[in-house]
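Presented below are the structures under discussion, each in the form of structure tokens.
Look for subunit A in each of the two complexes below; its partner is subunit B in the first and subunit C in the second.
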Partner chain A sequence: MLNNCRPKLLKKSGETVQLLRLASTNFEKPSNNGTSITIPKRINRSSTDILKAISSTIQRDPTASHYKYHDDPYLIPVSNFQKRAYALSQESGRKSAQWIVNQNPELFNHKVAFPPIEKFYPKTVYDENCQLDENVLKKTIEESMVSDSITVYNLLSQKGIEISSETQQALLELVCYYNSVDDIEEDWIEERWYTQSNKEREELRNTWKSKGFANFLFSTIKSPSAEHYSIIIQGMAKYNQFDEAYNLYKEACEKEFVLSINAYNSAIKTAIYVKEGADHKWLHIQEILKQMNNLGVPMNLLTLNSILIVLTTMSIKQETKKYALKTIAEAKQFNIEPCLASYYYLLQIFCSDKKMKSTILIDILNQLEGKSLVIKDLADTKFFVTAMENCHYHLQSFEIALRVHSILMTKNNYNLIGDSYKESVYYRNFFSILCKNESIELLMKYYNDLVPYVYIPEPSITELIVKSINTAAATELYSKIWSDILMFDQADREPIIIELTGGMAQNLFPSFEQPIKEQLGKLAGTIFDSIEERKEAGKIKSPWSGSVLGNLINVCLFGDNIDKASEIIKKLHTNQNKIIGVPDNQTIVLFFNYCIEKNYFNELLKCLEYSLEIGYVELDDLISKTITKMSLTPIQKNHLSKLVGKEFNVEIENNAESIIS
Partner chain B sequence: MNSSLSFKCIPYINNSKRIVIRGIYCLTRRFKSNSLPPDDDNNNNNTNSTSKKHEAIDKLNELLKTMKKGDETEIPNIELAKPRQLSKKAAQNKQKINELEQKKNLGVKLAHAATSVAESIGGDVKKTESELLNLLRIYNSECEPNNLSEKKLTSSVQLDDLLSGMKIDRSQPKVNNSGYKDMNRAERVRELIGKSTDIKQKVISYNKIIDNYVPTQLFSSKPLGIFTDIKPDKDYPSLPTWDRLYNKSLKMAATHPPKNIYEQMIIWTEQGKLWKFPIDNELGMDDEKTVFFTEHVFLEPLIDEWCPTKGPIRHFMELVCTGLSKNPFLSVKEKKDHINWFRQYFYEKNQLLTELGTCEIKSLPTDVKEYYKPTIPNE
Partner chain C sequence: MMFIDTLARIHPIRSSCLIFVRSKHVQAARYKRSLKGNKPLTYEMAGPPHTIAHIKGWNSWNTCNMLDGLRPAETAIDDEFIRRFITGTWHDLIASEIIIKRQHNIIRIAAITVQKISVTKMYFLIGYTEEILSYWLQCPIKLELQTVEDRTAVVFKYI
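So, the complex of A and B:
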């Protein structure tokens, strides 16, 4: 009945239509299938969920620079150096502001917000005059302030205030975790983004502070418990003090303590330095695992990863591969899924052999595809860069590289890229594979998408890209790539220039239309000018090479840019001592022919002067050709004979006449 | 000519970089003057197939010798360095892929050089071949009419060189009566590439490790069998602070510079610099969350127990209650204290009140704070 009414009602005012909608939904529902309405349960949202949802709707704009550079269009970086400098200086500004607040806390007493924002408070300074108790220590530990906690602890012990064993343990955990040194503050995201990999490189050597507060605190504990042993072992193993960690582990075993899982993991890791030879290392691992089993301590993901780390340091490849797979199977029994770090170690174990290539990456990718990955181990961030490197050097396959890339791009997996260094290594490998294996169209598709805002190619990659363009004879891309080279500040790289000019000179096809030809000619002129400019400014130290200039002349002539071509000839002539090598024979012939054809006598003279000094072989023919083909005025003839020498000129003229007659 | 050139260059030879450049220059010069352009070769081939064969082999040998000696610094040898140096990319590829290949015979080596160039252009072989062919056709049709066929190739990927070399080698078995001269160069190449199936196979076996893909079963290996006796309720030490710090560093390792303002706002929210969503005006008033609004609004019950039922004091206290019930800045406790302050005040004035005969405040609340004690005015 309602449906019948609808047309009539629709004609009426908007209100009626609204009413009708309400009515129809109410009426229709029970009539459809008689189910009652179930109110969904309330989903508890965190305070950032809505922001995350909005943020996920924003797609990356390949034509826009990174968000952090948006503030000032003048400061949009176009080279790797600028990217780093701008990002870090922005953060440095924030740091200095905070420094001022900390230096002059009395000036910042006004409350800018209610409820007050603790982040904006000046840093608390702890000294003898403070009212201190254990709660202050608890608070500083809670805030992970290492140096403050140490100060407060010292002040408390000076005043003779007892600390509960729980707080003492927490303090020991804190100082062991950070090796008694303050970590980079949470706020400095850029600093971490740019310096993380330096820190990781440092991680390879023993950085444990043997005279640090952690050791001191441990020594003050009269009868250390299993917890204390666990903490100090974990701390030492984290900073590669393996010898002492292993000694303490043995000490704890003698006392028949049950340690934490991570302490056992750390003990496993000590095999890297404590034991030599694959057999001993493997025995060491097995021993500890058996110990864990006897005490009823289960393994976890980090146990798996620790074993795999030790396996990467073993030299017998066949055995280690077997061990690695067995360990993974063992972990699988307890529903422990390998994380990215485990796969990273697997790649290292399986693919270190250059002769016996392994395709294990494909199996790993089969596992990872379509998953939303979460960081579970600090080494997880090393996976993607290693996988891409593997695609490049090991498998040499772009299809696999693309699979890796698509996994990186799913959901929030990009967070696992690591840091700026890893990101650029990742893309360096990605582009190398592209350049070596794929067509120029595909290369440019990715190039346009990622360059320059995500990745700026290193000079070696730029060279590869130029090579690809040369190979594909994609002449239309030369102007783009040249402007990019200028932008990335790589015009001072000689290999790139040689490659580019060589490629341009090689890919000149007469069937091009006139405008394209002219464009190329102009481009060659621009290349000459901008390199010249850089040489004068002292940015490029190495001198011009004759072959590069020759190539540029070729392109200039091809594009009817005779002015530039003769300028280059002049340059060659006047700076003979500075320029290494001479242009090709072919170039000179081309220049002569061009001048003869277009009747450019002055330019021809310049070239002739130069060629005479250099001593080209086929000059006789060229001069005779000039005389015969060009209609010269007597003055011009005079010039020519002066240059060539009278007798020679007469000889040539005679020859020419004889040819004509 | 050459002597005058080298004389010119002597002053610069100290600089090693310049030597290389000069070397390259010399190399290109000599390459041109010594070796005939490929088309000339073909003309010879046309006249005599056996001589062609020899020539081809000689040429190959020449070429390959130069490749071997490439690293030496002597000037004549620098000429040889060029193919190697410039096709560095291809050579690297090759070395990485198979070191054993090095000891194979020369023809194979050249073929491999060609294949690795092919590899650098395209993924699958067919595509690569068609591309190479295409490129060659362009070269052919473009260059020949302009007499540029022996044009210098400065680019590293010396397709022309490599392919013309391959062509000579592989065209041997083919008896061609029609003569190359009249034939289109592209046609020739197309034929050759089509015929050389052996090369194709080599490319496959050499190029694609992925074709030999043997799945590695990651999880179906036999377990170590060490963990047999796991009781889930077993007690072992846990380190809460350590775990918290570990999780914190995990989170920081996956936190990167924000990509848009919303990510920035997420970070600010987590740091406590921004109001939390959903935004209302009760941020930070966590104590009030447990208090129902009636306690804020209905304050009369608090005065009922002590205040007289009528009269100016009652009137006054009702006004106080109304005022307090509208005050958003005080907590319930503060409001109660406020009322108790008056209660205490009037209690102090009991004497005066009884004198006036209005009423009497009977009792004091038990838990009145010190500072709410009114200072009794000295009259």
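So, the complex of A and C:
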């Protein structure tokens, strides 16, 4: 019966429906044998939750490049230069498309999409002919278009249109935040990724535009309120105009304004430049904190961070450490959890002393492990790179580096890596620790995982990797590392080549099986060829060095690659003036012995010619050995005697005969 | 085909002969044999239209022509625009048909290009094409390119 009347009841007011539900649950209860079913509450999902759930099932594929690059062998970048060039080229293509759209806006005014997508309409240009009112200004401020807002404001004031104080304040906030200039638009992801590092190098340089629009706007306000003061102080402190910020702060204090919390934070930061010496700086901080206390403004995370920033600039380490711990403890009382930026400052404070090692990083990692981190301060992005640097130079421990790395890899924490520069510094340090402290197996595990799609080693790191291959005598890796060196375009780096060839020549063990030997011999040949090719093309400017060639000869002979070895000898002979240094004595001896053993007379002659010109010391023995051990035809003997000179030859022959007899 | 079927039902004996006569004169979307037999065809070109969905796919993938589909005519025009735009922008670089796939509001454009210009230039063109087409069609556009060393790589047969 109830079922029948349900549709009717449902149509009635909501109350009846609820009553009905209550009634139906009451009816059902007894039939369930006393076990009640608890229906979980509905979880509100956003429209993209299902996509997130799907994407969480996928892991990073170490054999695929970043998805911003096209998945095609020709289009995948293999060196740092290419990575940057390709990503920026694509963006520059996008930029030129936008330029065309903005040059011809009348062609792009059609409205196809429904609902309309603002982003795809050409940019509105504001000039005198436009119908302007305050709402337009509000809109441009909302979209944080700095230069547009400034033009609209100017046009409005030209026309004598009054704007409300709220909008004025919003405009002031905008121009103070962006220092009166347009930031790189959010659309240009690659440009931001590759230029942020340059920006930060300007750190602590006063970049505030003193004749900018922000100052102008502030001066037009007849009686600035506490909010106005707060905004401009924050803006100035953000762009390191500390003197003026501090003056304005004092002015505001005299007027007995209660500023916003972030303005006080900025005022604390001014201590970096305004005050000198640790004591004065600390007094300055205390003064402002007291002021905040009197006015009943509670501290927040940024207060903590700005105090720590000031502490990093102090020179007396013992006291700063004490102060820093005090501040953290104070913040704990307010239930303020330090963010990555705070930890970054702590690392700077505690680990700047090279003699006194501090293990504060371990404590920090204990706090961070397993957490999903979100950005709370702009400096948060500096934490991971500094932590890895700390592991490398300060603690010199791979275990801790691995912990840092695993925190970076959990959840979405990788978003906090910062930009391309920080990322590469991070991995540079990571690989340095690996190379210096860990086994070659572990190194190669990470190498295969991260190189080349995430990180491409810089020449110095490649050298370190080659070094660790050398010390581990992992000859099977030489061909891989060489092809990688070629791929990364680092074959022109002399230290790498010297290290590689030296290592190869040292790690030749007679116990190797024949195929491995041959492989090595071939590899030495290809190394010679590809470097030679690059030298001819003018890519490598520096000349060959004799010892590198000597090492290559050693490896070639070891791998029975006599053709290449004699080619190198020929190269040495013909280009004596262009090659710096000569191969080792041992190399020449080895070459002779090899030729004698295998009966390669022509190759031996080449080597002899060369060594005669260079003037090797032990040549006599070698020649006599040649004569005695090799079965020579009269013509060959003739050749030999021509080269060494007849008398010399006779003498040696006599010697040889006497040795035999 | 329906016409031929009906005919076949009416004149069962002559049907095969008729079909033969009819199909002999069909020439739409078929390539003519060249005199020397050296005209290169790609895989897509080699199959006549009735092999679509048997040995080759469609060039446009969308649901506009289904029952209650939206904007069928506009989509066809847009597709033609995209094809012309791409062959013009990627001048002398496209070595295959341009496949246009629509899913929700995304248009994915696939093609095979020849490695004639430097990679940076290619990336520039990718960025440019994607951006300007999204401004024109007001939806996200994605290019899915594959590259081949030269045009002979995509030749399926010579006729």
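The rule is short, and it goes like this: the second predicted complex is superposed on the first by the 618 of 661 C-alpha atoms of A that agree within 3 Å, B and C clash if a C-alpha of one lies under 4 Å from a C-alpha of the other, contacts with A are read in each partner's own complex, and residues count from 1 in each chain.
Simple rule for what comes next: a contact is a pair of C-beta atoms (placed from the backbone, for glycine too) under 8 Å apart; a residue touches a chain by one contact, two chains touch by 3 or more.
Please read these numbers as outputs of a predicted model, since none were measured by experiment.
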Joint occupancy of subunit A by subunit B and subunit C, clash or fit: fit
First, second, both or neither for A:634, with subunit B first and subunit C second: neither
Winner by number of subunit A residues touched, once subunit B and subunit C are compared: B
Touched partner set for A:396, first subunit B, second subunit C, both or neither: first
Touched partner set for A:86, first subunit B, second subunit C, both or neither: second
Which superposed partner A:117 touches (first subunit B, second subunit C, both, neither): both
Partner chain(s) touched by A:538 [first = subunit B, second = subunit C, both, neither]: neither
Superposed arrangement (fit on chain A Cα atoms) - minimum subunit B/subunit C Cα distance in Å: 6
Common interface residues of subunit A - those touching subunit B in one complex and subunit C in the other: 87, 117, 120
Parts of subunit A lying in touch with subunit C, wherever the complex brings them together: 70, 72-75, 77, 82, 85-87, 89-98, 100-101, 108, 111-113, 117, 120, 122
Complex contacts: residues of subunit B adjacent to subunit A: 1, 4-5, 8-9, 11-12, 17-18, 21-22, 24-25, 28-29, 32, 89, 93, 96-97, 99, 119-123, 127, 131, 135, 138, 141-142, 145-146, 148, 151-157, 159, 207-210, 212-232, 234-242, 245-246, 248-267, 269-273, 276-278, 283-285
In the complex with subunit A, residue positions of subunit C that touch it: 105, 115, 119-132, 134-139, 143, 145-147
